[in-house]
Amino acid sequence: MSRLATFADGVFAIAATLLILSVDGQVGDERIGGQLTHAWPSYVAYAVSFVTIGIMWMNHHTVMTQIGRVDRRFMLATIGLLMCIAFVPFPTRLLAEHIRDSSARDAALAYGFTMTATAVFFNAVWFYAARGGRLLREDADPRVVAGITRTYLPGAWIYLASTLVAFASSTASALLYLALAALYVFESSLFGGKASAD
Amino acid sequence: MSRLATFADGVFAIAATLLILSVDGQVGDERIGGQLTHAWPSYVAYAVSFVTIGIMWMNHHTVMTQIGRVDRRFMLATIGLLMCIAFVPFPTRLLAEHIRDSSARDAALAYGFTMTATAVFFNAVWFYAARGGRLLREDADPRVVAGITRTYLPGAWIYLASTLVAFASSTASALLYLALAALYVFESSLFGGKASAD
Amino acid sequence: MSRLATFADGVFAIAATLLILSVDGQVGDERIGGQLTHAWPSYVAYAVSFVTIGIMWMNHHTVMTQIGRVDRRFMLATIGLLMCIAFVPFPTRLLAEHIRDSSARDAALAYGFTMTATAVFFNAVWFYAARGGRLLREDADPRVVAGITRTYLPGAWIYLASTLVAFASSTASALLYLALAALYVFESSLFGGKASAD
Amino acid sequence: MSRLATFADGVFAIAATLLILSVDGQVGDERIGGQLTHAWPSYVAYAVSFVTIGIMWMNHHTVMTQIGRVDRRFMLATIGLLMCIAFVPFPTRLLAEHIRDSSARDAALAYGFTMTATAVFFNAVWFYAARGGRLLREDADPRVVAGITRTYLPGAWIYLASTLVAFASSTASALLYLALAALYVFESSLFGGKASAD
């Protein structure tokens, strides 16, 4: 189980760190002053995606504290989740580059469907482990388990709805992605003061 | 031994995460709508290679649960295996980009030979460790050991055969790679319900 | 807590290793002799940023030795810190490429603000954990705690001052960044002889 | 100490995995058949550098088994070593691309000086830890310690000599790098049969 966590940490960390390549690609070789200002959507997209991946890592961490054993199906579902996480840098670049041009809708859809798929896999990982307590620890905390179950289910639907908004307005869709990341940060800041040894 | 696992986890995780760079390179700067659709082989190749690397990581994990000690030859064989794993993103990009043009055969061969070499190194790692129980744990599970031995040997031959099919049809060869990944997923889903603490 | 350290180690390690991509981009395909010499600011920037990230990793390591438990707010602050660390390769490339042209000031500002933001997040991580001993270990070393508190506070102001120097002279600003890295190395070499098991 | 190992493992793993980007850059978008054959020096360089980094990782692993505690100077020396390791993908690309053109000497020198600097830092790490048993474990194995001391010292000189050969012939120099990697593999294969639990 610890190796699964190491592998997952690796993919989370690399996917988050690769996000900077998209920012980097936006600023060329000459007279960078104007480009640095003009590239502001890249910075926003970098921050939103980095924080979103970071929050997902935190959630994965919380899930794993309740898991007592793993099987190959669980590992496979985790690999599917990581496949989505590692995909995030690509639609992040698309959204940052195209939010101001005629491809904004396509970029917003690509970003949103990636996030929706990630949320779906998160649910698959969690409900496979939690159903009937299949892979939970003997001493799993019932409140934590109930809390995860309660917050994960709507996650995929909220991302799907935010994605579909792009058909009406890609800007509104992008603002919703931003609001979701801000909401997660706000919620963790407000209610995240309970310390644990792990 | 734990450091060997950490190093291996790192290479597996990075190689899998770097796969997204190939997808990213397929979609340029303007009017991405059409490109996003046209790049579908990139998504398939991304998913197939990510899942294949993920399954290989799972198999490496299973092998390491049966290993009780390591020596420099074993580490060297593992480095050879990781050298193949880290190579995978390159033929994956080739296959995704060229499956629809006149270079399809070359790309299918490059992908297939990489996978074959990976399977050969997997066998080298395993049989060096398992022959006469050289590096196995005292309490290695005989059924797991027999299971690994039984499934690894044909792996290299199956990939070699799928590779050689490219001389007749590169599409058939690519479909075989896809089928192999699907088979691994199917097999893990079907028989992977046995939980273990590690 | 150990998973937070693993995730952080991953981001530190990847951000440091990605720095080489900026050096690589400076040397093209033909007659590399002259380019290799002309690219010297890239080597300096690579070394300064690698060592700076390395020292930050050491400092994060020292902080974590005094931490006994974590909460979601602390993890969130750490994610913010890592977001800055992972950003470093981008302004490092800008500074290396433009220190000799008319964009030197923009590049020096980008580098300096990134370092200032990193130092601010370092303070946020530390003071959230240390205030009233909130997340410190029972047996935290009071001298180490006092030492971190004493050295972190001025760090952000020193980087901010070095950044603002760029409005007068970008070369002076860059030399200050270099001097700060050299100072950290010198200080660790001089006073860093106290061994610990962790 | 375990976090130092994790950080080091990360840099070793990423530097090794990034080597594939150089191979990837050699094969463009059309009619790849000829390019795949013509790029053979990239494959050789990939294999040589991957194996060399892998062997260095093994040596670092061996060193760390004898180390019982760390201090900031030791961490700093390790950061210097990792700075060289992370640099390797750059001269590897240069050597692979230019061994057949008029820049072969520059590329061979860049590769050789990087390897020499790496070997120098390896000596710094080791002799700082081993002098007077400063950071060694209480139960360090005297034969392993003596063995490391005996083999590390000549390493830097041998790489320096191989580098300087490039002034006479860059092909001879490249063949020496290849021979050194082959020698390490051969030596590990021949004498590396002693198992250890770590």
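Labels A, B, C and D are assigned to the chains in the order they are written; within every chain, residues are numbered from 1.
The rule is short, and it goes like this: a residue touches a chain if its C-beta (ideal position, glycine included) is under 8 Å from a C-beta of that chain, and two chains touch if they have at least 3 such contacts.
No experiment lies behind these values; they were computed from the predicted model shown.
Student: Is the contact between copies subunit B and subunit D built from the same residues on both sides or from different ones, judged by whether over half of the numbers are shared?
Tutor: Different, since most residue numbers here occur in only one copy.
Student: Starting from the Cα centroid of subunit C, hunt down the chain whose centroid lies farthest away.
Tutor: B
Student: Using mean CA coordinates as chain centres, what's the gap between subunit B and subunit D in Å?
Tutor: Between these chains, centre-to-centre, one finds 25 Å.
Student: How many angstrom lie between the CA centroids of subunit A and subunit D, rounded to a whole number?
Tutor: Going by mean C-alpha positions, subunit A sits 36 Å from subunit D.
Student: Where in subunit A do residues touch two or more other chains at once?
Tutor: Each of 6, 10, 14, 18, 21 in subunit A touches at least two other chains.
Student: Give the list of subunit C residues in touch with subunit D in this complex.
Tutor: 5-6, 9-10, 12-14, 16-21, 23-24, 27, 29-33, 36, 46-47, 50-51, 54-55, 57-58, 61, 64, 185, 188-189, 191-198
Student: Residues of subunit D touching subunit C in their complex?
Tutor: Those in contact with subunit C are residues 1-4, 6-7, 10-11, 14-15, 18, 21, 68-76, 79-80, 82-83, 86-87, 89-90, 93-94, 97-98, 101-103, 105-107, 110, 134-135.
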